[in-house]
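Chain IDs A, B, C and D follow the sequence of writing; residue 1 opens each chain.
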């Protein structure tokens, strides 16, 4: 049964300096509130894992929390580049950032292997691309039945996975609906997990398209209303597209970013996603 | 888009002598009506694949349709043995039956590999058991990252998979709810697929826990009300436990079985599951 | 029924009832249990209705956290899906839930069980290709026995079922003795408890051989030896299973009556 | 609007509009299309609103058969889940739907595209570790390019984007020429169509080099050559793209307006 804690206590318990941490959410249900709490708690040397590092990781990287990024697509969707990410990769600011780069299929399968207790996953992927030349975590494997050559990637087993969901019940059972991405795999692959939720309800009402994560498979749950803002939570609020647009100018400039950090993250201990609007 | 045919036309189109055919349904939604239609059409030399060959395969085997069975658990659940299956294995009646035996984990992963377009699947399975000594389709594989030894099983790609579901819409989109077993994997792994359904509805109404198979991933759909009887179709009818009990005496005796075949299968061209009650 | 009355030993009960009650007692509240059908399912459901209301029942049909109000007649009974916290596909059960060792107890039955807790549900007889009796086969058992943190076996004891060496290893217990599970890389502890209609056996920590540690009320050790196909070792501190309480028997009978 | 009026060439339109219309026309009704975000998504949604109402749109976020009533702003826009035939997890999209070659068309964009249709969305510059420009990376593209039956690319044409050889092969087109896809074991046919704001390119069946086969209205071949970073071959039977019809433009503008 998952324990229910405050966001600050939950992040304090599951994220430590030097950890490998996955914050997942495929466009939908990105755990921004938890990300901002990691910044507030001043975590350092994290290996950040995420298929689509977008604003949330731009913020964590800019705040100096990360030493390495494992990912498959990094950008501000529909807007452009992640300037804090670029600044860290190209100029080592505020600290150097190592990268390990995959495809979505590779990352998704790494989580699947992690969730499955297997050391690796097999896929048809990366073949003929320049990715394997720059990533020792992409190897070949031979089918013992057909002799065919396929690709292998190692399991991802983060120290901690954090995702956001719509609801949990008092026993920590979590219900997610809409696009569920790699929520389940990322949580099950991790040694510890934190699920932030829009609300804790007395009882989960089954819904079409919903996925339930049993409370006994989750470490801690924290209520964080609007905790996915500026991304969205289906059934609760829409994506704040203006925030993504506005981020381009903030992220582009180190001073503007520092001001944003002070105003929006450090001077804001609320559990919300930290809106700039 | 799946084509919608009568049960007889559908079975005629997708099942041919010598084919490898999987009729799946994990206790729930077992496609009995389609199985009886295969018997009526007199198919021979089938390789029958199924995790849990129960009454439906006892009937097909007794009727002489099969030359080989690939499976992981064969019995009359809660009642006892499958006597037609035993008679075929031990006495070659009415024709000899070759067997290939797996565990559930192995079979499930063989379907997953088949659905995924991979030649094999990796699992932690069979280790230390006597199964690999009798089955060349269980091999070892080494993790290219950790050097650990794991088990590999080849993909299952049946010529045809047949499953039963609650509903389809006129475009052949299929909705299944309750226990969905390996429905999706078995259909996606197959070259051709037939889904029999309780009813064709104008529009599928989304339901909690439901899984939708898009019509463009299914070959043919046939309406077969009570087509899973004596198993059950959640939301439509319960399991006919008396039928399972009664089967023990029928299956135990060749003559009783032949009488049952004549009365219940050959003299009954209805699309229903062929009840003995 | 008052607490006192319900904890009182019951007057009359069958050996199967004693077995189910003893098996149920072994399950701790708040743990997760991968439930095989038949005797294990009866015991697990009884536990949930007595001392372990928060026992998480997992069935290979894809039902996580099933809370059936009657005994399911099969591992895919509709009542399991209706009452589960989550219903998932069969591949996910084995890959995401069983294989990584997330589940505390695997609760199995057996057609044959040997001195080292290895299980046979495949064939009786020396020749796999021409068996004396063809059994149902492996089902989920090999991986349940490999991956759950612990395995409990519930099985009726006789010389036919309790053999020196199983004819076919469907599911590995302790192999041929100490270190075998480790050599095979099996993550779980294997069978730590075997509950029969006569008593309870546990593996000796050093030899890994199953040793009689408890007998049920009214059962003599000689009767257990007579029902065991190997030279049975009896624990020095042999215990005696407390009789079923009225509460336990009432719950068990309500459960089985509702399924008839 | 009458059929005649709607089929009439429109009076004024942008080169981007021409590109989207030409890209949309390439999609056949009743086929399935794995849709990248941006230009491909615009084209695919336009096709569904004009000649291909039964086009099955598949987004990597897990939306199968999405029928959005406005342009999705990302591949995970809520409107995709709301209108999909089925919403599935991301691993399933790649493993069960893309990888086995079930999907007819993979519709991609590119930051750099080379003579053989190879795509770069990773880094500009010779040194991966110290790039001139760090691009977003691979996303789903490498496997979309490998596994879909055919690949269409829609990209604005310039000497920066159309290069002799991409700085980094993120997604394989036709490698370095004939037989390369086969040698790599890539199941799909690769890029069979490249639609730009200037015209349409297709791989030569023998050399696999991209050849200009159509120019859009008002575009001169010299302008296309000037926007191509290799010595562009022009097809003998060079075609000219029909202008957007009023129906197409109206649908396109309604789609983009609804997303603003």
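Miscellaneous remarks
The working rule: a residue touches a chain if its C-beta (ideal position, glycine included) is under 8 Å from a C-beta of that chain, and two chains touch if they have at least 3 such contacts.
These numbers come from a predicted model, not from an experiment.
The set of chains in contact with chain A as well as chain B comprises C, D. More contacting C-beta pairs link the chains of A-D than the other of the two pairs A-D and A-C. Averaged Cα coordinates give chain A a centre that lies 29 Å from the centre of chain D. Centre to centre, using the average C-alpha position, chain C and chain D are separated by 58 Å. Our note on geometry: chain B versus chain D, Cα centroid distance of 41 Å, whole angstroms. Among the residues of chain B, those touching two or more other chains are numbered 112, 117-118, 123-124, 148, 184-185, 209, 211. In chain D, the residues touching two or more other chains are 95, 99, 147. In terms of inter-chain touching, the protein chains here follow a pattern that is not a line, ring, star or complete graph. The complete set of chain-chain contacts reads A-B, A-C, A-D, B-C, B-D.
Remark: chain D residues 30, 32, 54, 56, 64-65, 85-86, 95-96, 99-102, 147 touch chain B in the complex.
Touching chain B in their complex are the following residues of chain A: 117-124, 137, 139-141, 143-146, 148, 150, 152, 154, 206-210.
Of all residues in chain A, only 1, 112, 115-118, 173, 184-185, 188, 211-214, 216-217 touch chain C in the complex they form.
Interface of chain B with chain C (complex): residues 26-28, 51-52, 71-75, 77-78, 81, 85-86, 89-90, 101-105, 108-109, 111-112, 123-131, 134, 148-149, 178-185, 209, 211, 232, 234, 238-239, 241.
Against chain A, the residues of chain D that register as touching in their complex are 37-38, 60-63, 73-78, 80-82, 87, 89-91, 93-95, 98-99, 122, 128, 130-131, 134, 136-143, 146-147, 168-172, 175, 180-181, 184-187.
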